[in-house]
Structures are given as C-alpha cells and as structure tokens.
Amino acid sequence: MAGMIWERNNNRASDEIRDIKITTNYTMHAEGSVLIECGNTKVICTATVSDKVPHFLKGQNSGWITAEYSMLPRATGSRNQREVSKGKQSGRTMEIQRLIGRALRTAVDLKVLGEKSITIDCDVIQADGGTRTASITGGYVALAIAINRLLKSKFISENPLIGNVAAISVGVVKAATVLDLEYEEDSIADVDMNLVMHKNGEFVEIQGTGENDTFSRNELNKMLEIGEKGIRKLFELQDKAIETTELHNIEKLYSL
Amino acid sequence: MAGMIWERNNNRASDEIRDIKITTNYTMHAEGSVLIECGNTKVICTATVSDKVPHFLKGQNSGWITAEYSMLPRATGSRNQREVSKGKQSGRTMEIQRLIGRALRTAVDLKVLGEKSITIDCDVIQADGGTRTASITGGYVALAIAINRLLKSKFISENPLIGNVAAISVGVVKAATVLDLEYEEDSIADVDMNLVMHKNGEFVEIQGTGENDTFSRNELNKMLEIGEKGIRKLFELQDKAIETTELHNIEKLYSL
Amino acid sequence: MAGMIWERNNNRASDEIRDIKITTNYTMHAEGSVLIECGNTKVICTATVSDKVPHFLKGQNSGWITAEYSMLPRATGSRNQREVSKGKQSGRTMEIQRLIGRALRTAVDLKVLGEKSITIDCDVIQADGGTRTASITGGYVALAIAINRLLKSKFISENPLIGNVAAISVGVVKAATVLDLEYEEDSIADVDMNLVMHKNGEFVEIQGTGENDTFSRNELNKMLEIGEKGIRKLFELQDKAIETTELHNIEKLYSL
Amino acid sequence: MAGMIWERNNNRASDEIRDIKITTNYTMHAEGSVLIECGNTKVICTATVSDKVPHFLKGQNSGWITAEYSMLPRATGSRNQREVSKGKQSGRTMEIQRLIGRALRTAVDLKVLGEKSITIDCDVIQADGGTRTASITGGYVALAIAINRLLKSKFISENPLIGNVAAISVGVVKAATVLDLEYEEDSIADVDMNLVMHKNGEFVEIQGTGENDTFSRNELNKMLEIGEKGIRKLFELQDKAIETTELHNIEKLYSL
Amino acid sequence: MAGMIWERNNNRASDEIRDIKITTNYTMHAEGSVLIECGNTKVICTATVSDKVPHFLKGQNSGWITAEYSMLPRATGSRNQREVSKGKQSGRTMEIQRLIGRALRTAVDLKVLGEKSITIDCDVIQADGGTRTASITGGYVALAIAINRLLKSKFISENPLIGNVAAISVGVVKAATVLDLEYEEDSIADVDMNLVMHKNGEFVEIQGTGENDTFSRNELNKMLEIGEKGIRKLFELQDKAIETTELHNIEKLYSL
Amino acid sequence: MAGMIWERNNNRASDEIRDIKITTNYTMHAEGSVLIECGNTKVICTATVSDKVPHFLKGQNSGWITAEYSMLPRATGSRNQREVSKGKQSGRTMEIQRLIGRALRTAVDLKVLGEKSITIDCDVIQADGGTRTASITGGYVALAIAINRLLKSKFISENPLIGNVAAISVGVVKAATVLDLEYEEDSIADVDMNLVMHKNGEFVEIQGTGENDTFSRNELNKMLEIGEKGIRKLFELQDKAIETTELHNIEKLYSL
C-alpha cells in the first residue's frame, strides 16, 4: 500500500495477514478442539456441547452459543495476575468474550440446533496482537467440528451451520492503513478496528476506536477494504481445516 | 426516509432525533452536574475533579478522564437487581463505562489538564433506549462545566478542552435505517450501531452489531449519514447548555 | 426553643422541619415513584410490585415489604466510591435499608397484601442530612401509590395499608435540642436520634446514639417531643401527595 | 411486675436479669480475655492492642476502639452457615459490631489513649438471646483489663478509661415489660429494645424496635426504668471481675 | 528418645503426648459437642446432623460427613484478620478442613448412615500447635456422640461407626524426632508430619513435609513409630469420653 | 510386579512410568517455558522472574519461589467452570499450588537467589491423572532454565539451584501397588500417594490418602519403593531437557 513509510516484520505488506496455522483435534477431550496460530499469537479454542440451555431459553426449542476468553498469565511479555485472584473478570475480558459469543451465534441457526448449548473456550497461550479476532476465527472451526460430530453421531439430524464467521483487526499505524496488527503495531496504533464478517460478505460486527486520534470516513473505507480481503483468506483456511479433520470418538463424544 | 413502512412514536422521521433537554447545575455538590433527557431516557451526569491520577500516570504530567455508569433498579420496565448485590458489575456495565471514558478522553488534551483526574458518573434514572449515548453527550457537558469552573477559579490556566464529543445510536429496524432508537425499536432492531463523533467531523468510535442479521456496506453508509446529522444537532445543544450555565460556588468547588 | 445560642440556616426554629416537597409519578416505569426533597436532601423512592415472596414466606399467604438504599457517588460534597466496586454494601447501607424495610412493613397488613412483595428502592441523588428518614417518609408515599394502583386495577381487593409511617431526625447540637438536622448540624451533633412513628401516635423505632456524648432521660424526652411534632406534619404532607396522584397506566402497571 | 400473666424460666421476675458469670483470663494470648455468660448465652470477648490506628486518625494523637462480632455456626439451635462461605458479613453482624464499637468508644478518652487501637472480638459460642448486649458488657471488661495491663507495664502512663459501659435488652412480651430476654422470649416479643448506658447514669445508645407492634411513650418509659436497674447490677459485676483479675505476663503483653 | 539435646516444656519426653482433656456436651445446642484441649491448644468441635445430602449424593442412599475449620482471631499470639473480612477462606483453612472431612469419613460406613449429612465444625479458641490433629481427634468424639444420639432416639437403627479415627503430629526438631509438637517446636521444625490413623492400626492419611530440610526413609520410619504410639493413647481417651457422655435431650436433638 | 490381576493401558508394568516428553522454550515470552507431557497429561509450566519479593521477605536478602496452578475448562472429559466465574479458587487448586511452591522452594537456596521472586505458572491443557506431579517435575525444568538465563545474562553470579526436585504418584489399585496413575486408575484407587523427592535421595513431601480404604505400613513401603524408582527416571529426563535448551534472548529476558 502506497505511503507506508516504515517496514513491517517479515516484510509483510500493509494489507497482508500473518501466517495462519490451524491445528484441529489439538486436545483430546473436547467435542471440537483447535490451536490457531496467527503469527506468534496462539489460542486454544475448544467447543463443549451440553444439552442444557440458559434459563431464558428453556422450553423455547432454541439452542445457544456462548464463549469464554482468558489468557495464561505469561502469554504476554510481562506476567498478568490471574483474574481469579482478583475475584472477577476484567472489563476487557468480558467485552471480548461477549464479542466472540455474539459473533459465533450468527454462524448458527439456533432453532435448528435445538435445545443444546455450545460453549467456546478461547485460551490464549501466547499473545502478539489480535487475540480476540483469532479467537473468533479459531472458535468457528472448533464449533463447526463439534457440530460435524453431532451430525455424524446422529445426535442432530440437520446442520445448523449457516456460514463461516471470521475476524481480523485493521488499523491506522503511523499514517498507514494496515491489516492484522502485531502487538508492536497495535500498541502505537492511532486507530484500531476489529471486523467480524460472515461468509455472505456482510458485516457481523464493526468496532473501531480512535485510540490516539479520530478517524475520517475515508480512513474507515480503506480499513474496511483491506479487512474484507483478509477475512476472505481466513474463510478458505477455516474450510480447509474443517474438511480435513478426522471425526474420531463419535461414540464417546456426546456424554451429556 | 423513503421506505419506512411503519410509524415511529410522535411521528418522528427516521432521521430525526428525540427531544433533547439538558439541565445543568442539576445537583449541588459536583463540579459539573447535568440532567440530560433524550425523550424518556434520563441520565444524571456529574463530573468530579480530583488531584489524584491513576497509578500508571503518576509523575507524568498528564491528567485522566474516567467514567462510571449505572442504572437505578427501577429505571426500566421491570426491576433490575442492584449490581452490588451480585458483588460485581455486569459485562454490559463495564463495556459501557469503558466506552464513555474512552470517548470523553478524546475531548481533552490530558497534558494541558495536568495531574488531575475527572470522573464522570452517569446514573440512569429512567431508561428508554440510548442510555450510553446520552451518557456520552451529557457527560461531555458536565465535563466542560467542571473545566470551566477550574478555569474561572484559576486552578488551571489553560483550557484543556479540544472539542465537543457526542454520541447517538442508529440502526436498522424492520428494514428501515433509523436514528436515535427508543427501547421499543432497539429491542427489535436487526442492526444496532453507536456512533461517537468529535466536533472536527471525524469518528471517535463506531460500534455496529448485527443483532439479528448481518449488514451490508451500503447499510453501513446510510447509518453513518443519518448518525452524523444527528450528532451535529447534539453539538449545538451541548454548546448552548454550557454557555448558559452559571458558574457559582467558584470558591468552594475545588475541595481537593 | 429557649437556649439556642446559634442560628440555623434560613432562620429555622429548633423545632421546625425543613421545606418538604413530594413529587409523585417522578419516573415512569415503577408502580409507585416519588421524589422527596427535604431541604437539599433529595431521594428518589420507587415501589416495585412482584408476585414472588422470599423463600421463608412461600405458601404462607403473607406478603413482604423490603427496601434498598443507595447514594449516587456525587450526592455528597466529596465523591463516594460506588459500593459495587468494593464488591459489597457497607455496614451503614445495610443498617439503613434494614431500618427502612422494618419501618414500612409496619404500615401494611402483610396477610391482607397476600403473596406479593413490594420493594422500595431509595436512591439519594443529593444529600444534606436525614437521607434515611426522608427515605422512610418518601418510601411510604411510593408504597401507598403502588398499593392504590393494585386496588384500582383490582389485582387486590382489600386495602392492606394500616396507617402512615414517617420518620425524622432529632438531636442535640451545641446543647440545643433540634429537629430535622442538616448535614452541617449532624456532623457536629452530640446526640443523634432517628424517630419512626406510626399514624396511631406510637413509636415504630427509636434509634438514639450519643455520638460525642451521653444523653440524659430529660434530653431524651425533649427530643421525643419535637420529633413527634415534626412527624405529624409529615403525615399531612404524605396524605396530600397520595391523594393528588393520578393513577395512570393501570392496565400496564402489573406486569408480573 | 404487676400484670405478667405468664411465667419466665427459673421463676425470673420480669425485672430480673439472668445469672451472670464473668471469667477473666479465659484464653491466654489476648491482652484482655473474658468469657461472659448471661444465662445460657456465652460470649468470648478478647481485647487486642495494636499501635496502628485507622487511616483517618493517623497523626492526630488519638486512639481507636473497634469491635468485631461473630457466632460459631452451632451457637444456635439450628446451624448457621459461616459468613466466610457467603463471602461477606450479614447486615445483622455489621449492625451489631458497629454498635459494640460505638458503645465501647464512649468508655475511653481516645486522646489519652494516644495512637493505639484496641480491637474487641466478640465470638458467641452459645446463644440464647442478648448476644449483642452481653458482648458490650463483656467487651468492656476485656477492654479494661487490656488497659490495666498497658498501665501496669507502663506502655501508657495515664488511664484513658472514663467509666463503665454496659448493655441489656428490654422488651414487651405478651403485654408485659420484661428485662434481659431469653431467645424464647425474644422470638415472640412485640417490642425489642437494647439499652447501652454509661456509669454516669446517662444513655449511650437506645435502639427500640416494634417488631410486631408499635409502642407508646408509656411503654418506653417502663422499659427504660427496668433497663436502668439491670444495667446498674452489671456495672457492679464488671467492676468485681476487673478488680480480681491477675495481670500476668506483663512483660510479654505488648508485642507490638 | 536418645539424642535429644534440648528440653521440652514440662519435661516432656520426645515420644510423649501433651495432657489431653476432652469435655463433652460443652455447648448445649449441637447433636455432638466437645471441647478438646491438647496442652494449650483448645478446639470446640460440634457435630450437626441434617437430612440433606450434597447434590452429588442425592438419591444414592448414602450419607456424608464434612468439616469446617476456623480460628478465633485472637486464638494466636498476634491477632489474625477474620477470613470473612477478606471475603474468602485461606488455602491453609481449606486444606485443613478438607483433611478433617476426609479423615472422619473413613470412620463411618456412609451407606449405613443413609441419606444424612453430619457437619463437624472445628473452631479453635486457643492455638499452640496441632490444631488440625486436635480437630480430627475431637471431631471424632463429637461425631460419635451425635451418632449415639441418633441411635438412642431411633432415628437410625444400625450403627454406622466403623472405628475410631485420631490424629497426631510428629516432626524433626533440632535433629530429634518428636511427638505432638507445640507451636514453639513446630515453628522451628525441619520436618513436619501429620498422621491420621484408624483403630484397625492402618493409616488414613500421611502428610509429611520437609519444611526446612528433606528427610530420609529412616527418619520417616522413626516418625511413624512414635506417631502410632501416640495415636493408640488418643483412641483410649476418645473411647472413655464417648462412653461417659450422657445423651440428654434425645427428644429434641433431631430437629430436621 | 507380582499379583497384578488386571492390565494397564499400553501394557505398562505396575512400576513403570508413562512416556514423558519435555519440550522447552514452548512459549516465547517467559524466562523459562516448558510443555511437559506425561502420557496424555499435558501441562504448560512457565517461570517468571521479578525483582519484587513478598512483603514478609522485604529487606531480608532472600528470594522467593511461588506457584500457581489452573486447568483449562476443557482439559478434562467434562467441562469445568472457570474458577474466576465462581470468584475464587477451589480448595483443590489452593492445595495443589501450595504443594508445588513448597516443593520447588527446596530446589533453591533462596539466600543465594537474593531479593528476586520466581513464579511458576502451571496450566494444565489436557488432564489424564498426575497433573500436580507433572507440574512439579515440569516446573523444576522451567525454574532451572530461568535461572540459567539469569546466570548467563549475569543478573546473578552464583547458581542458587541446590538439586532437582521431581514428583510422581503411586497408589493401590485393585490390590496392586502401581506407579504413575492415569485418571482411569486414579478414580478407582483405594490409596493415592504423591511423592516429591530431592536429587539427594530424600523426601521433600509425602502425601498419602486412603481414599476408599486404609493402608498398612507394608503397603506404604511398597509404594515408596516404586515411587523412588520412578522419580530417579524423572531426574534424568529433567537434566537432559535443561542441558539441551538454547538460552536465546538473553539481552531481553530480564525486563524487570
């Protein structure tokens, strides 16, 4: 992209995403389990299926998708105190897990899912920017694998998945519009935006913040353009990971 | 706006804001005190000045603006349990107060403010949609009045205010793009977006969520247009409220 | 009163209450809603009716009245931290809301009310002494209005109200026995007493504390005398407020 | 007392206190340690001296007396859950310990005590009504013994004790005014009043509540009369217990 | 024991336990109530019978034994803050009460007990080392008395007690292997071990920790030997206390 | 081992440990980072160095080692609620992390370490029995690597490591004494024992519990024998992992 007067790590172009690696069946117990690596950011996403739904949905023939997010204390450069030792989650954690949950619910027809809950746990084991977007992108893969197991084992008969959901960050760093910010870039960004999109090409969520500056309509449009491009790439990687996942343990998976 | 197939309360046009009333000096103790009424939504915003700054700013010659948000239990149609009786704030409350704080910090040059904190308390006494945007719009007025008192009483010599910040909600309701949603509209909206803008005409924050649906680039653009229009009206009302406020108790205001 | 060697604000006599203003239907959602102003002390009291009773009353054909009390952070001269951020209510808050609940329960025949709960929320938006007594006095009005709505809408057929309950503070300040203390007086009082009385002329609760001094039987008697006089005035104001309140929204009020 | 139509346990007269036993030096570590038994009510009261004062008293040459109150889970007929497992003290506990602290502070000239804190811990090991008044009466003895140790060991040179403080309950039970209620009486009382008095013959605190009924001026006067009589007896017992206490371990007591 | 180069208080031999005193029916409300004194360590142990079992045992025809442990704030040389004021139990408290519960469950055939819970509350009123082992030893006595009451009152027909459980500490102090450490010894011990044994002569639990040093197989064996000897003595004292306890209030005891 | 009448997974002998794999430098930020795999049990252990010591060690020229332990929600067959959502750590978690900390402190001469703290975080990403012993064994490796970095980068000049510490579980399962129990074995074990040993051949900690049965001196001896054998194997694996670890980022490691 014209005008970038500084160089990104690994010679990344301003509109280029980091190397993405999605390892499925990463841990053995969960119905869906994924390690997603976006550059140095690494998140374990698991999907747990339950036949209980939250109170407000009881008897409504509707399922639910929810998410929880956490970081290991030393996922970051300096150690973060565990949230349990403060007795409660931070505002940041709550914001992130609410976002992941909202995003992934749009991937599923909850009526078709029926009275089941799927909890997506996103645990960051190494952080280098973009942990919430990696959680959404990887969380979708864990969710899809869990649903495929439910289908294969005939616990559900119709596929409730509507379409992929993936997310990426964009921002304005030193006057350049850049895609998929590393921590080093994120920490000096003037504008920081998280985009969540649906495979239908529309937006699920836009959260843009002028951290150190305001941003114009024009800058917004540039960010949306490179963001869309990055997310299309993520849809491809999600599909490939899901298709190549062996659905073992069908007989055990649904211990509910 | 063409295509609205339903009627809003009070015959409001789709791009028309509700009646706004800003009462300053609403309570007597705070350095800045405002009751903002946006239709039936009523929020008390107070600004408290302190000469302590958070730990991470100590000795850095920089001030801080922070916000807290709460609703009276019966501000809404059914009673909400007080958060203190659950022992902690909900994720929704934390998200909202973090948003208000971020937004209002962009209205102030924190270096010019110097080592002072200003806390904006936003307490909703009656809710009918748009409480977070009303809090930002009213919170700015309380902030500006507090700063004017600091100036008049010579506790600070230079004005740290950079420019108004105000906020409004937009959304897609029954296929129509509408401005400043009441609760009744908000609860059935397919898309819900909160816009925070700066008097320089740029964005401070965009938070758009497809609650029940995704949204297209085209719908986004329509929402931004009517949102900008609404916010320009709010800037006028803010300025008028601030200009006409009597700055009494100058000698007592700064009890720090 | 003989012997007062100092002057009260607004030339108030030692046995004179402050200007009282009771605004009913102050907010729109609650079954009963009141703003009570006692001089500069302002409290929003709302009554919420529910058809659930506490565990210990289930199946006993008896209703319940309970109260909660809180102050906005900047209701006072310096800002108080919100209780939710400490994770629990202070001893002072719990004492006050237990007192309000006990007092208002004596105004109602709980058997006649039947298996319903009424919660009185008292939120102080401006404090200048006497917030707990104002909460009781205003809380009774909110309670009575809610009950009148229940009667008018035929959700209950018999009136469970037994008689007004109101409260006032009395004390010994600089050797004078005074009624209805402002904050300035309260903070230097040697003795501080809160009286809660029933319209039958008897006591519901007496809480007298020698803050800086002990007090004699004689001083007690003087305090009781002027207290009774003040409370009789409050009964009149309560009755007038209740009688003149329009009971709108009868069809919607009882959403239980 | 004329008119009592029922019989109290052990043929107690309506104005007669239960058997009181005060065992000093009950446990070995505390500066003052007392087991007070009022009938079947048994409370361990300890006084701990510290040379730290609360934040609000630092540098003011004033001491502080505070109290904490708790019951063993099986001090009562049915087991009470420990407050720690609920994460916080109940409103009842907070009310009681605030009362004990206020009462005992009036027994001491805090300026003469100097920058020291004394914490009175009141732990009920068996409950049969009147635990808060027993805590005040026994707490005073623990306090006085701790102060006598401070004097004997010359950590303080002037006696800060002003005069005994003791407390008793009175009430109206089945139309009779009775002194020092057992649990069985307390649970059916129409009026329940706790009196705290100073050896100067004046009141420190009066807390009277119409639990099931209101009460008249006349009933109030009767309760105050028998209460005063009971408390005079308690002063004697306190003095005797304090005078006969051996002040051992003087060299170790003040480990601060 | 050969090689002890220092002298214990009261000329205790290295393999000698302190004076033990077990007072039953110490408080009046609990189904079983014991004051156990091991030297200066004093613990009140009560047993409360309930006909509720924990969730995981419902409908399984099995009973449950659980324990809770606490210390009065001034049970020790310096005052410990109450755990409730920190909002949660310390790790030490949880470890201890889990140990007591596990130990006492092995004394009972839970199937024979049937769907009943017995809660053993251990409240240390004076501490001088060995509070957790005293709690187990005294807790067993309270448990046995409660069960004897259940039998005598015919609430259960078969005795679920399998055999005594008792506990003692052993350690290595200044190179000597010693039994039943006082606080003074415990605080300088190189190795600290708690032994819980069953009357069948086998171990229920061994918890040995090299506090300041590691320990050899040989040292372990020596500690086990003197430990076993001490515990045999405790079994005798338990039996004697249980046999001589009058089981009054049979008609009232089981209020469930 | 003679007498085992059942077969272990993978034909393991009763005194054989599972396959152990230790991957060092597993994550990039921590001073020491290890993934330890003991069969299907997988724990990430990181060591964080800080130049702050706990309050009780300030100014004493002594360092500190502490540990924290947690499990990802879906490390196990069914999902565990995050501890933060309950607001506090469970007793089990506290017990385990106290054990890990005590064990690792014996590996280090805290005086030689000087006023530095090292926090060992043990996060179980997959559980199949033996997570606490794997945490100790892997935690020692993370600790040693962090210390080697401190030495190489000359932040400390003398090596504070005294000798390896490792741990293993032993137990009695269906009458056989077995080493290194998997979850399937652990859940039916009659006796469960965790052994922590020091490279000097002595014990650091022994924690043996008769879960469903008591155990004899003879069984104890058998368990100790196979436990010691297993731990000697672990010492070898620890040493090999430490020796082959590249100490990169020396210049950045110590961000304190």
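Just so it is clear, A, B, C, D, E and F label the chains in written order, and each chain counts residues from 1 on its own.
The rule we apply is simple: contacts are C-beta pairs under 8 Å (C-beta built on N, C-alpha and C of every residue); 3 or more make two chains touch, one makes a residue touch a chain.
This is a predicted model, so every value here is computed, not measured.
Trainee: Hey, which one of C-D, A-B or A-F is the same interface as B-C, over half the contact pairs lining up?
Mentor: Most of the B-C contacts reappear at A-F.
Trainee: Quick check: how many Å separate the C-alpha centres of chain E and chain F?
Mentor: Inter-chain centre distance comes to 30 Å.
Trainee: Could you tell me the distance, in whole angstrom, between the mean C-alpha positions of chain B and chain E?
Mentor: 60
Trainee: Quick one: chain C and chain E, Cα centre-to-centre, how many Å?
Mentor: Taking the mean C-alpha position of each chain, the two centres sit 51 Å apart.
Trainee: In chain D, what residues contact two or more other chains?
Mentor: 87-89
Trainee: Graph of touching chains, which shape: line, ring, star, complete, other?
Mentor: ring
Trainee: Please trace the ring of touching chains beginning with chain C, moving first to chain D, and write out the chain order.
Mentor: C, D, E, F, A, B
Trainee: Provide the residue numbers of chain E that touch chain D in the complex, in ascending order.
Mentor: The contact residues of chain E facing chain D are 27-30, 33, 40, 42, 44, 46, 48, 50, 68, 70, 72-79, 82-85, 87-89, 119, 121, 123, 125-127, 255.
Trainee: Where on chain F does chain E make contact in their complex?
Mentor: Answer in residue numbers: 87-91, 94-95, 97-98, 102, 106, 193, 197-198, 200-210, 214-217, 220, 224.
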